[in-house]
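Take a look at the structures below.
There are two complexes below, and they share chain A, which is joined by chain B in the first and by chain C in the second.
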Partner chain A sequence: MDRMRINRRQLLGLFGSLGAGSVLAASGIGRAVAGNQPPRITVIGGGFGGATAAKYLKRFDPSVHVTLIEPSRRYYTCPFSNLYLGGLYDFEDLGHGYRELARDYGVQVIHSTATDIDTEQRTVTLAGDETLRWDRLILSPGIDIRWGELEGYTRDAAELAPHAWKAGPQTHLLKKQLESMEDGGTFILVAPQDPFRCPPGPYERGSMVANYFKNHKPKSKILLLDAKDNFSKQPLFQQGWQENYGDMIEWVSRSNDGTVIRVDAANREVETEFGTRHKADVLNVVPPQKAGFIADRAGVTDDSGWVPIEPRTFRSPQADGVYVIGDATQAAPMPKSGFVANTQGKSVAAAVLADLAGEETPDPSWANTCYSTIAPGYGISVAGVYGVRDGEIEEFSGGISPEDADGEFRRKEAEHAVAWYEAIAQDTWGTYQEG
Partner chain B sequence: MAVTRRQFLAWGTAAGTALFLPTAGASRAGWERIDAARDVLDGAEPRSSGIRLDLPSVSQDGSSISLTAEVDSPMTEDDYIEALHLYAAGNPTPEIATLRFQPRAGKARVGMRIRLDESQRVVALARTSQGQWLTAEREVRVTSSGCLVRADTYASDNLFQTRIRVPDSFRSGEPGEILTLIQHPMETGLREDDDGEKIPKRIIEHFAAELDGQPVVEAEFFRSVAANPYLRFFVSPQESGELELTWREDTGEKVVESRSVRV
Partner chain C sequence: MQGLYRRMTRFTAPAFTGILLSALTGLSLAESKPATSTDVLAASCANCHGTTGRYASAIPPIGGRDYEDLREQLLGFKRGERSATVMDRIAAGYTEDQLEALARYFAEIED
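Let's turn to the complex of A and B:
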């Protein structure tokens, strides 16, 4: 691959320039646009996208009124939850609260679930039927599972064969199952077709489960059954698996009958497209996904279940005054990652403020890095910089860890992954890792 | 099994120069822009009902995109779908595949995996046994995701290995779906190796399914069929019999498999 590599410093530089360039001459939008009433911007979802958007709206223009609606008081991130499964991270270190957003940035944080949206009246209904009015709405709803799309994979099935694709009780359930499995057992991970949250996620998960097995249950096996013929950072993962775990991990591609078409959660058994049955001791199904449910209520999803957006602004073409960011959107080639949601949070903050001020949207530029930890002290990454060309989102440059790197390089990337996590958590929620 | 981004770009350039007709206008039907499609129509005007073409509207992996095409038809001796032609207007050569059905297929529906070089329109043309033409088309956006950088080597250890799935049992005269796959790189002849040498074209060019010696479905594959050619189709047996499947490579090499069909 002859793609340009970007180092961490350049990425942070880009990142910084987006922030700086996007601070509009926006002071006093509130007074200018809406008389004495500052405009009300409501953000739904307090993950990487929503929390960043709320924070940066207030950073760019303290005069606007920003409300963030998020059910959890403490948000646990999907990024690094695989490291918890692998025994490298404490679960509590993945939790982030909202105190800093409220105290340091003046975001009004409401811990409730948005249950409905009226885009005509410009209101959002909360659990308990309270209604809030908004002038602009930013949705960062993440993903929901398409229950039943994969035959046999229902809510009940997920209590037996967890997905653990949203960090929380599902993650704990999977961890518990791994811990109670006997040495010599088989862990099966079912990976879906694109698009889904976190393209390298299933392969990092396989790596981290392998790390746990290597330390505690070395006779165990890992089978990755895939509905795809290739995956993110594939050669690097496969090299890393070989170097760290020998032949513990077997990956079965779609063309080798990896596509699972039926799940029997009670028996921890799966059936593939061409009729092979595999029996697991621990079964982890990463199921087909769609935009978080509130996007449907707002009427911004399309037939695919995801949300089309106008590339420069992330405004919905289907509802006035509604913007959508993060995993829920169709923003390919940008991947569905926490980092992407974070950078979209900044660009959407700038776009909303520009819209309120009657100004043109600043030219957006987005960045992404996906780090994956294959083993302790063994990390890999892929990075990209994105912009809009001819009305479409495109990758302008990008890079991936070299295949011929030495151990020192991999060790440093594992360290960079941790530094990345701490930096992005701080940038998103204003929180430092506690502990 | 994957085509790298660079190879895609190489394809793209070829497509750009070879394909875009100066007369192409946005309002024209997809088939009007494709020479090969106009040739098979030979002056006939297709109608755009009774035929469905399904592809994902956005695809993050242009090297293998699922396609389903279905044509409404009673599939009787007097009235059936004879042929289904599939085209990718923006590929270096637009033909994807031509499928020929017999009434005993029971249903004119196929599933395949195809290659798309770039965002473009995919077109289906079907001909009924009574000489009518039908057409459907889908716009597909192809991106390659920044988290989806892939390898560019084909596995060669299992070349010609097949996978087949036949329903456990059929009801007499009711169509059941057959799944087939053969391991094959489907080298386009457009790729270059590391030394800049063209890798010669090498594809599975023909597939045939026969039930007790009688043709059911035949397929002609072109370079726009994805590596490891995958085909799902229907067969509607009256009684138990033997289904014979034959794949032919452009070298002449053949792979033959058979499966019992139980009614």
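Let's turn to the complex of A and C:
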């Protein structure tokens, strides 16, 4: 059934591209006529979800043809970028390349941006107008910022008040601003409503900025203005802040007028729902977000800006042959984390291969452990195991580190955070070696 | 404490890449057979323990270890009989059959 549909589509695609005089015609003929070419699976985005999906497709079945499209030659992770801000990690240690995927797994890596997707013709257009054909498409494009959704927070504003919610130049900008701030200054972080990338991220960031201040600018203050009334691992963070930083960090909940509704980046000033103005020396805005733009181009987003998926397969119900994973998706109760995106990369690889073989999707299973480093040698975590029950994604087990744990427990979790980072880098990009 | 965080950009050294890779990537484990539910389950473990479960760090490796030993530990975590930082919270989300399948999967990985 499925095979026939592919062939019909390929033929349609072939005529379509001949009509358009596209460069695709030749490869289309080859496959449509011979019918025995390996299926082509294209993955867009070489972050936690996409790089993992590409690797595990080839691990599970080396015979398929896998193309990974990612603009960067070196991908810098958001995970541990807070530790860079806190002075615990070098930025270069957060960079990962694609050599293992290409050389050891035979993934074709193309460093370019996908600019458009045609789900009828099953093609993707790259910057520079090259067009590639796919039989199955996996999108893991991460997030884009909803510019302007928070009044005053535009692309230009982000050059003055960085978000640093994608690791790279924004992270450097924030670090530079922290370094040039005078002792006694105020760092303000604006935290958004759910859903957003990395639920504990803003609070780990506050912790790591506090670590930097404690060592270099001990008279400074940290104000976390929140559009929520509670947050991930809240009791553990608040306990850890008290233990490590005294009253340096103040968290203002939504009910206490924490919701920021306007940003004046030039003056580093924000205004809250009930009209309070706060002035910062360094202003860090974690803005409202949505799925990466290419998901819109593929027609797989809904009104929320995120991508609905079929739970067992992560197939889009809105476009044939298109699968979406990672932060871009609506996969609650799973959080938008790198750990989760990685495990979704594996389940989607299995689902796509089963689909191509006309077999049942193996039961999916996902996991998460998000470590947060509150201070050097002081770590906490939230964990979860997820699966599908009665057609819905459910959390089967999980929870946060015990609130009454001793210093030894927190030290171990700080070590496990580092070990986790290395292991997931090994598993996703092959950066570190096993054995 | 700094020792915990200083990575010294160790993986950018060209000499570091390419060592024994074909032996380590474990491609041979999965040659052309469709992924099973156990493959998918086990793949979640790779996140902290490495692709073939042998990443050695503060988190112990699990690939190539004795089946009985792995089984006992996993069931112990699930039942709350073994103390852990996070494995008790994780093991609780799997059935005993799944934990046994995972123990077998990682025990069968060759050194």
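The rule we apply is simple: the second predicted complex is superposed on the first by the 397 of 435 C-alpha atoms of A that agree within 3 Å, B and C clash if a C-alpha of one lies under 4 Å from a C-alpha of the other, contacts with A are read in each partner's own complex, and residues count from 1 in each chain.
Definition applied: a contact is a pair of C-beta atoms (placed from the backbone, for glycine too) under 8 Å apart; a residue touches a chain by one contact, two chains touch by 3 or more.
Since the model is a prediction, treat every value here as computed from it, not as a measurement.
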item: Room on chain A for both chain B and chain C (clash or fit); value: fit
item: First (chain B), second (chain C), both or neither touched by A:Asn244; value: neither
item: First, second, both or neither for A:Gln426, with chain B first and chain C second; value: second
item: Chain A residues touched - chain C or chain B, whichever exceeds; value: C
item: First, second, both or neither for A:Gly398, with chain B first and chain C second; value: both
item: First (chain B), second (chain C), both or neither touched by A:Ser140; value: neither
item: Contacts of A:Ser347 with chain B and chain C, given as first, second, both or neither; value: second
item: Partner chain(s) touched by A:Gly384 [first = chain B, second = chain C, both, neither]; value: both
item: Chain B versus chain C as contact partner of A:Asp61, first or second or both or neither; value: second
item: First (chain B), second (chain C), both or neither touched by A:Ser255; value: first
item: Which of chain B and chain C A:Pro200 touches, first, second, both or neither; value: first
item: Superposed arrangement (fit on chain A Cα atoms) - minimum chain B/chain C Cα distance in Å; value: 12
item: Touching both chain C and chain B, counted on chain A across the two superposed complexes; value: 383-384, 386, 395, 398
item: Interfacial residue positions of chain A with respect to chain C in the complex; value: 56, 58-63, 83, 88-90, 92-93, 95, 99-100, 103-105, 339, 342-343, 346-347, 349-350, 353-354, 357, 359, 362-367, 369, 376-377, 381, 383-387, 395-399, 401, 409, 412-416, 418-420, 422-424, 426-427, 430-435
item: Contact footprint of chain A on chain B as seen in their complex; value: 1-2, 4-6, 56-61, 63-64, 141, 143-151, 158, 163-165, 179, 181, 183, 227-228, 230
item: Chain B-facing residues of chain A, complex; value: 1-3, 194-195, 198-200, 228-235, 253-257, 273-275, 302-304, 330, 332-335, 337, 368, 370, 382-384, 386, 392-393, 395, 398, 400
item: Interface residues, chain C side, partner chain A - complex; value: 1-2, 4-7, 9, 11-12, 16-22, 24-27, 29-37, 39-41, 43-52, 54-59, 63, 85-86, 89-94
